[in-house]
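Take a look at these structures.
Note that subunit A is present in both complexes that follow, paired respectively with subunit B and with subunit C.
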Partner chain A sequence: MADFSQIAKQFVQFYYDTFDDDRMKLAPLYTEQSMLTWEEKPFQGTTNIITQLQELPFRQVKHQVATLDAQPSDEQGSILVFVTGALLVEAEQRPMSYSQTFQLKRNGDSYIIFNDMFRLVYPAA
Partner chain B sequence: MVARSKPPRAAPRGPAAARRQALRADKDGDVSMGLSIKGRAGVGKSTPPTGPRKDAAGGRPSRNGIISATAQRAILRQAGASDVSMKEVRSSGPRGGLVELKVTGWNKSKASGDEDGGVSSLLKWLEKKASVRLGSRARSVRIKKSRVEGSDLIVKVAPEDVPPLVRMNGYGWAGTTVSIERLGGAVQGTPVVSSEAERIKEMLRHVLERRYDLETKFLNLSALGQDEELQQQKIFESKSTTSKFFPAMMKVLEHSFDKKEDLFAAITSVSLANNDLEDLAAVTSLSITLPRLQNLDLSNNKFRKLSALDNWRRRFGQLERLILTGNPIEQNDPGYAVEVVKWYPNLRQLNNVQVRTEEEVANKAQITDMPFPIRSAIFQDEGGIAEQFVLKFFAGFDSDRAVLAAYYFDEHSEFSYAVNSQAPRDPAATEKHEAGEWEGLLKQSRNLRKIQQLPARQARIFHGTKAVADAFIGLPQTKHPDLAAEAKKWIVEARMVPGVPDPTGQSPNGVDGFFITVHGEVEELVASSGQIKKRSFDRTFILGPGGVAGVRIVSDQLTLRSYGGTQAFEPENAEGWNAEPTYAAQAEIDGAPQLPEGLTIPQAEQMVAALMSQTGMTLQYAKDCLDQSGWNAQVAVVNFEKAKAILPPTAFMSTAA
Partner chain C sequence: MADFSQIAKQFVQFYYDTFDDDRMKLAPLYTEQSMLTWEEKPFQGTTNIITQLQELPFRQVKHQVATLDAQPSDEQGSILVFVTGALLVEAEQRPMSYSQTFQLKRNGDSYIIFNDMFRLVYPAA
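Coming up: the complex of A and B.
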């Protein structure tokens, strides 16, 4: 089995590449049990989560990951992934800082996002 | 609401069920059910188990994840494999061949006056009773054909339906006892029960099945002492069988389901009424087996005081309705209700009286333990655990980290941190970039984008109390703003999560814990320059139960970055980003009460509890009332008396107050 740090890194790359390309395609990463906390608001289940991501008020977005850390979180191979970085939204030149934590759970030989907490920590100004 | 996991419920009535209803209306007692039924009877080993629970499995198998695309196949394989363990005794005869059973003793029933001598209601009863509704192997028994021969009712069923029907031999129906036996046939139809243990499991399964209502997802475990079947088994005649009985029954229940989620979805209400319980020792395993229960009836037992219920104090995080009437505790400790409401953050009704409105629950009114003002809409807590943790942790981090590490960390805990030196600075702040400002910190920074080598990665994750304490002590001295007085500088979010690893090994599937995220600022002493540097930080904790503190840190991850200000924490700044009408409402929550100087949280908590019992107001109203009265108890009571007449009924816990 791959090292959890490596998995976390692959995950983060995949997640944001996909997010920036087509958010709809993130659906397979979530399940009906998954929770997303986007700023103040909680969402549960793939449909609700993807709907929320789709409804964010921007079409083009680019994530720039600044830091990425991971810890193994149980014996079944779950991983806690902690990211800080910047969001570049459409024509907006100034990046917004964000912090995002993912709880990844093993699902067979792949991973799903069990918990996802997103927060902007620096405003769009 | 944020409660996790309500998998979509299965539609209990498919077209097949409707068809069955229609056929049953045909009272000639000899209905040929045609091809559609033949299909069902032919369920073979290679077919995944059918039945309603299958659809309730929390949705489709997850599709491909990120690492591999073979997950789905693996899941399907697994689903197929679980079918092999199906307990039904399978016929060695031809596929779909029907078996005849003779039912006698029914014709003198109370239903004998019916047009058909009671045959149709007997058939209906047989099908219902023999069907398995509880468990992943749920299936419906169908009587394919039936005919009356004198006092015998001959029914034809699929071979796999034989054992559950034969097991009903000797059951009481409509005032009579029916006998059911197999008519000839070479195939051995009775279940081969290999041991006493198997027999008891089967009996317990049957008790559960009999006491389960599929429609309301209700498991009625009331008055178990009067259960005829359990009495026959002399379960309650010895201490040892009495104490083993309930946990054994819970195990049987768990094993009836392939997935815990299915079990949670199948049972949302349980009654343990009328069981002479003095405490929860005998039944405590219920909270392990069904941690997500929404409705619980504990009425008419012998609970005398709160401590008798203590086992479940930190359990049932999703409990919405609880009944404790008919227990001595009502007389012995009238204040118990206030306490119990605090135990269960999602509780709406206690003893059929509303204690929280939906709005209060939705608005996170469960933050009832008078914490620091919560500026996030997401703060799930239980008994103030998360709140106390945050308060103590950051205070301890500033004062004595060795003690802090010993208090919250154990040999399984992990800590790591990363430095984000690219994060933008707050342009309004005086903090400026200084050369080498991150120097001391970068040595241990575990930013996986930059640290590529495995040994370096491994060295920068601190595992166990000692390593964490050493790492903590190596970090610069800090001062965090006061959580209560400078709440604007913090965002604290807490969420209850299942599946947190249990180092005691008692719960292989993990225990419930907290997932806490904190964003804020901190003043650090830069060792090289002796200057105080203000920075921003983001920190994530996973907490589980245990340890000296009652909670232990499973994971602690920290990111430090340049001071970015607090604008992002202001709700109004989020508008352009996430334009939501709900922000107005959230801003109100954000104006949570600030405690006056000198008033500690426990004191405030006591004041709220006292006002609640004095006035009968709900927690939220009592809290608001005190807040509007400047936290003066007398003023609060006066204000309450003035406002009493115009307060809505939802302001009160009990309409009798």
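Coming up: the complex of A and C.
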């Protein structure tokens, strides 16, 4: 079986490729227990989370991952995934920095996203 | 009992106040199982973690928290804490942006840091 850092890498690539292609297709990664905090706003459950992602005020988006760290987060195979990167949105001339943290939990042979927290990171004054 | 967001706020204030005052005093927050990933480098256990924090190439430092998000991370009362902010280091004219993720786990009436991941966030090009 792949180790946690391999799983984290595969997850991050799949997650952002899918996000940038069609956010709706992220639905199978979430469950009714999943939590998303997007720029301070909390959402729970697949429908609420995917609705929020769909309603973001941009259609075209591209994530560029700059750093990716992972750690085991419990004894049951859960994985903490910590990303920093840049977000290129259609209407903006300049990319924005962001940071995002996920906790992946085992679900049979696969993983679901249990925790998801996203923030834009503004340059320090 | 305080809810997870209150605990996260208290933790973050205590953690950075202590870090900026005397990093050695963070030792009781870590255990032999605790993991730190600091700018890609992994450390495990109180001694390794505190040694790394002590060996950072600055003496005077001040953290300014910009955003703080928290979510429950399991059924046992663990808490995921996600911070973005600015770091002011003695030798630098300008603050640097950073992001940091912790997982706090219950330890009797208190909490310990099980996961800790830190990254500087550079402005997107």
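One rule holds for everything that comes next: the second predicted complex is superposed on the first by the 121 of 125 C-alpha atoms of A that agree within 3 Å, B and C clash if a C-alpha of one lies under 4 Å from a C-alpha of the other, contacts with A are read in each partner's own complex, and residues count from 1 in each chain.
To be clear about the criterion, a residue touches a chain if its C-beta (ideal position, glycine included) is under 8 Å from a C-beta of that chain, and two chains touch if they have at least 3 such contacts.
Predicted model, so just to flag it, every value in this text is computed and none were measured.
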- What is the contact status of A:Val121 with respect to subunit B (first) and subunit C (second): first, second, both, or neither? both
- Query: After lining up the shared chain so the two structures overlap, which partner does A:Gln54 touch, if you call subunit B first and subunit C second: first, second, both or neither?
  - Reply: neither
- Query: Which partner, once the models are overlaid, touches more of subunit A's residues, subunit C or subunit B?
  - Reply: B
- Message: Tell me the contact category for A:Ala8 with respect to subunit B and subunit C: first, second, both or neither.
- Response: first
- Task: Would you check which partner chain A:Tyr111 touches, where first means subunit B only, second means subunit C only, and both and neither mean what they say?
- Result: first
- Query: Between subunit B (first) and subunit C (second), which, if any, makes contact with A:Thr67: first, second, both or neither?
  - Reply: both
- Using the touch definition from the top, say if A:Pro95 reaches subunit B (first), subunit C (second), both or neither. both
- Query: Do any residues of subunit A touch both subunit B and subunit C, and if so, which are they?
  - Reply: 35, 37, 40, 42, 66-67, 69, 71-74, 78, 80, 82, 84, 86, 94-97, 99, 101, 103, 114-115, 117, 119, 121-125
- Item | subunit B-facing residues of subunit A, complex | 2-3, 5, 7-11, 14-15, 27-29, 31-33, 35, 37-42, 44-46, 56-57, 65-75, 78, 80, 82, 84-86, 94-97, 99, 101, 103, 105, 107-112, 114-115, 117, 119-125
- Query: In the complex formed with subunit A, which residues of subunit B make contact?
  - Reply: 2, 4-5, 7-8, 58-59, 62-71, 74-75, 78, 261, 376-378, 414, 416-420, 422-424, 426-427, 445-449, 454, 457, 461, 491, 493, 495, 497, 499-501, 510, 515, 517, 519, 536, 538, 540, 542, 554-555, 557, 559, 561, 564-565, 567-568, 570-571, 573-574, 576-580, 582-583, 586
- Can you list the residues on subunit C that touch subunit A in the complex? 35, 37, 40, 42, 64, 66-67, 69, 71-74, 78, 80, 82, 84, 86-87, 94-97, 99, 101, 103, 114-115, 117, 119, 121-125
